[in-house]
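To keep things clear, I will list the structure first and then write my remarks on it.
Chain IDs A, B, C and D follow the sequence of writing; residue 1 opens each chain.
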Amino acid sequence: MSILLDETNRILVQGITGHMGTFFVTDARRYGTQVIAGVSPGRGGASVDGVPVFNSVATACKETGADTAMVFVPPAAVQGATIESIEAGCRLVVATADELPVRDAIEIRAAARAYNARFVGPNSPGLISPGKAKMGFMPSFCYRRGDVGVISRSGSLSYEACKRLTLAGIGQTTVVGIGGDPVKGTTAAEALELFHADPETRAVLYLGEIGGSEEAAVAAYAARVDAKPVAALIVGATAPPGKKMGHAAALVGSHADSHEAKTRMLKHAGVQVAAGVSDVVKSTQAALAAARN
Amino acid sequence: MSILLDETNRILVQGITGHMGTFFVTDARRYGTQVIAGVSPGRGGASVDGVPVFNSVATACKETGADTAMVFVPPAAVQGATIESIEAGCRLVVATADELPVRDAIEIRAAARAYNARFVGPNSPGLISPGKAKMGFMPSFCYRRGDVGVISRSGSLSYEACKRLTLAGIGQTTVVGIGGDPVKGTTAAEALELFHADPETRAVLYLGEIGGSEEAAVAAYAARVDAKPVAALIVGATAPPGKKMGHAAALVGSHADSHEAKTRMLKHAGVQVAAGVSDVVKSTQAALAAARN
Amino acid sequence: MMILEYEAKDLLRSAGVAVPDGSVIRPGARALQAAARRIDSYPVAVKAQVRSGGRGKQGGVTRANDVAQLRAAAKRLFATTFGDEQPAALLADPWLVIDRELYLSVTVDGAAEGYVVLYSPRGGVDIESGAPPVRYPIGVPWRFRTHELRAILEPVEKDFQVRERVIALAQRLVETAAARDCTTIEINPLARLASGELVALDAKVVYDEWGHFRNRDIAEQRAGIRRRADRLLKACLDMQHMYVRLDGDIGLISGGAGMTMAAMDMIRRYGGRPACFFDCSPGPTSTRGYRPAIAMLDADPQVKVILVSIFGGGTQMQRVATAMKENMPMRRSGKPVVFRLDGTHVDQVPGILATFGARNHDCLEDAVREAVKLARRA
Amino acid sequence: MMILEYEAKDLLRSAGVAVPDGSVIRPGARALQAAARRIDSYPVAVKAQVRSGGRGKQGGVTRANDVAQLRAAAKRLFATTFGDEQPAALLADPWLVIDRELYLSVTVDGAAEGYVVLYSPRGGVDIESGAPPVRYPIGVPWRFRTHELRAILEPVEKDFQVRERVIALAQRLVETAAARDCTTIEINPLARLASGELVALDAKVVYDEWGHFRNRDIAEQRAGIRRRADRLLKACLDMQHMYVRLDGDIGLISGGAGMTMAAMDMIRRYGGRPACFFDCSPGPTSTRGYRPAIAMLDADPQVKVILVSIFGGGTQMQRVATAMKENMPMRRSGKPVVFRLDGTHVDQVPGILATFGARNHDCLEDAVREAVKLARRA
């Protein structure tokens, strides 16, 4: 199994006629993903790579049975497009865009909650359930099917870590990029709950950063008696305090946010913490070994 | 019977320790109104004229069984206080304050809708069900129990008109001041529906003004085949176009808002339209006569 | 409280809406010289900054092709009166080549229970005579949905690029109206340039004056209006009185907007002419507000008679009567005052009025008839 | 994007929050003279306008009892460096007599799914050392409820008048944060005066730079930062690159915030020191952004080696390699460049790099080891 995404998701692409939309259609379908509809207001009736384009999400869902949305529109339009899909009944909506105002992410999150939908993003690489489907631009060769769930605040870092896992023979159930922004569609805590409920996932690798409170939720999960084993990498050991490291949330604001404090807290909760990206395989192997007992 | 308010309403007063709050307690109780609790944050434990004061509406409702709120707080605090009562489960909330920003009235109205509560105000004299209870500062001697429902956009005008009805022997079921602001807690259309459903109310007197679209709703009701007879007075025949006449909504913005257009529309719908305040008794009598047939 | 076009455009600019890069010109030769130096490309549209509608039809917008024409236009416009308003400023906007004129506004609407968006693909001065704009009722501002507005625009706006830009703009206007306590933001015309860009060529913004406590723009507007008022009106505005000058001779002091209009209507019905709409309903206890009201009407040469008509609920009548009694000795004018007080504690009124030789009319008709008679005689 | 204290206070003032009526002083004798003329009552608090924290503890706030002391304070403060920042302005606020210092802030918080209000009855410089503030999580701004915040404040703030003022203020701050795209508005200290009034003595506001399209304040801030940057950094900022200067000698060009930090951490682990955090992840097609990045590091005398480490998904690696190839002939510096490209279409990379004599490292460890070795040698 996997979480959120598998071969059954029927995906529509908002902004399908743009650069990123068309690139996604080709790449995702090559991977076996069911991309069945596109939405581009004013372009209804056209088609992209054989995928029919509609003027609205509601029409696309009605005509094609789409239940999942991938959003590629300019940052100022992301809130409107995402909420359109949520209100049209999509169960999963992914918006990878960065440059989304936090204010808009807050509204999207509230809409998703009201409609019992799942939102992944913003400022995220998306998610992939290896061997089944992908919603994002992650390089497919970095992944293989397996039994480790991966949660990442950063896109490239998840490619790097998963490639290392894959080369070491460790496959993934689902790799979900929760994104680097302070208000997330899906938090680490929520992704952990999903992996917890997924019978195929035996251990979780969490790729975190300095700043924010996401890591506290990971430690809280790991400390549960029924928790699945967790491995983690926290980057930013060398970041100076008080400077924002690219991601809006990656800023050491107080002592609790620092690399040292987070590492200590995670270790205390029983998490296998990697000393650096070189050690993610070793830490994940340790978590899997714990799962075997 | 009556609408919204009768001797069963258990009323709490927000801002009971202020000038208007204490004046209201004395006056309303003298009329027989059940004022059973007060709310004034930080003054919990005190009492005003024997009425116990609480720090929050939730506590007041729990301790006294209050189900109706009268709000006397400064304009900037009205939104918060009103929504507190709505969310605490009050079925009727009255805020007579003027100077309430429209933006706040919009939020209050939405909250009332979400909680299925009734909000009367802002910028309104409140309401009275003669012989039963009053929520407002209307002079009690102007009213008597009877079978005409009165709806008014203006406070003083409703005193004037009701005194004339009362002197002429025409009593009222309920007199509801819907207020002069563009976004109302209770609209004329909603008040009409309530009077329509009230078996004791045999005819309705509507006191309107230039500007706004309230009068269109009155005409729409009167044109229904099952409508109760309606009399109306529209003031502002002598107001120049483009000038705001005190009430935020009393501004002739287009031809449809004008006194002439409104009068014509109401007459066309079968409403007994009074030529001036001197004729309200005559028009109401005509409406009652129609009710007798 | 409506603000001027250039102020409205400043507000729009601050919210990220495209407006022409214009220059404000104040009266006086120096200010004109400074503006002429700032303007580096012609032609420009020179626009009188007044609140009155129909400015364009009254010649309030002129094209100037060079500095000389700018000077001539400024001279003429500063000397012109629009409605009852003389421009305190002009706005010189670059003269843009327009592909199409649209109409877009956000306003507060009772039926919508809040904000409503109005759009028409044909804007401009003749907006009233064309097909009515389409309506998108929103209610609370955070209920705005781009896909709902899109569905409403589709039947009337065929250019999907314009449609998408209008949707983004409408969202911006709703957010701005909510954040800055505006009851209306109207862009007419909203110009589509050849590049596809939408620019607000003219803008009308109405502030909700009761939002002043959280909005410095509104507070400053209010302060500005009070500052510009003369001493007597200023005292009335300080009391929160609502005053609108009319063209008659009966100075009506009343309480409550509806009752004031009812009295105005009755004055006219009895053959008189009201000199003002003057709503002096203060809080239930303060009655000192009547002094500046009477002082202002006493000083107004147009007013021949003062009619005080109050029907009070929270306003207690013995207090109003006492306030009147205290005011009388300070009056210099001999204008007659007719009283009709009714409402809470009215039984105490006749006695108080009698102390200064006045009497109370039991009903409004009698008081109005008396006032009309006195005005005819004066 | 944090703004300066006086800018933050301007924002608060516009939202109806009470702030001291201070004067901004720019560098230079003339500006000081003008400020001295404006200030008509002493003492004043002279405050260095810098973004760095802990200004107070570094002597960045001084009391001046007269003009002479104001001059002396200005001279000293303009010559002082706080963190790595020299003040571009001072703020002279009237010295208020304070009854109590409180703490109030509104910030964005992931756990709250949006805005959160923080309050402490004891604010001031030592806020971090006292009991943590109470939290009111709101989420969407329109979910703010005065009665909910009141219930949270009751246990910690015993003065009910202060409590009510704090509630009103908090609501104002939430509305302002939402309307103006602020991720933090912090008032510390919020001063209670003897009159009971609450005044924002110091304020910190962080704008969300991605809200620039609907907020001119933010757009101007961004433009200002770009304007003040030198030519090379400006080109990088124009490309949306994220650059933070560090104190090492290995110039790291990377993609993605997490991956960039991972590479920084690895450099340190192998005994090297990164010269910067430099995230150059452009859109999936644009690759010309690498040119200004390399030019900037070439020009930086602190940088001895350039390490290009990109793991691309949407960013296709053959395009990155080609961009590098095109950049190389334009370089004047002989600084070595170490490459580690991986991700989409990486199979085409070695061939392209070979055309200009470079080679690609298969794994990050090798590339970092090489960069550290070269930096030691240089």
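As a convention for this text, a residue touches a chain if its C-beta (ideal position, glycine included) is under 8 Å from a C-beta of that chain, and two chains touch if they have at least 3 such contacts.
Note that the coordinates shown come from a computational prediction; the quantities given were computed from them, not determined experimentally.
Novice: When the contacting C-beta pairs are counted for A-D and for A-C, which pair yields the higher total?
Specialist: Taking the two pairs in turn, the one with more contacts turns out to be A-D.
Novice: Using mean CA coordinates as chain centres, what's the gap between chain B and chain C in Å?
Specialist: Whole-Å distance between the two chain centres: 26.
Novice: Calculate how many whole Å lie between the centre of chain A and the centre of chain C, each centre taken as the average of the chain's C-alpha atoms.
Specialist: Computed from C-alpha means, the inter-chain centre distance equals 53 Å.
Novice: Determine the centre-to-centre distance between chain C and chain D, using the mean Cα coordinates as centres, and give it in whole Å.
Specialist: From the centre of chain C to the centre of chain D is 43 Å.
Novice: Which residues of chain B are in contact with two or more other chains?
Specialist: Only 76, 107 qualify.
Novice: I need the residues of chain D touching at least two other chains; which ones are they?
Specialist: 140, 142, 178, 213-214
Novice: Chain contact graph: line, ring, star, complete or other?
Specialist: Contact map by chain: other.
Novice: If I apply the definition of touch given earlier, which pairs of chains qualify?
Specialist: A-C, A-D, B-C, B-D, C-D
Novice: Could you list, by residue number, the parts of chain B that touch chain C in their complex?
Specialist: 19-20, 23, 75-76, 98-103, 106-107, 109-110, 113, 125, 136-139, 142, 152-160, 163, 180, 182-184, 187, 207, 209-210, 212-214, 217, 233, 235-240, 242-250, 254, 275-278
Novice: Per the contact definition, I'd like the list of chain C residues that touch chain A in the complex.
Specialist: These residues of chain C touch chain A: 142, 145-147, 150-151, 154, 160-161, 163-164, 167-168, 171.
Novice: Along chain C, where are the residues that touch chain B in the complex?
Specialist: 52-53, 108-111, 113-115, 128, 139-141, 178, 181, 183, 208, 210-211, 213-214, 240, 242, 244, 246, 254-262, 264-269, 274, 277, 279, 281, 283-285, 310-314, 342-344, 346, 364-365
Novice: Where on chain A is chain C touching in the complex?
Specialist: 41-43, 55-58, 76-77, 79-81, 83-84, 87, 107
Novice: Mind pulling up the chain D residues that touch chain C in the complex?
Specialist: Result: residues 13-16, 140, 142, 172, 175, 178-180, 212-217, 219 of chain D touch chain C.
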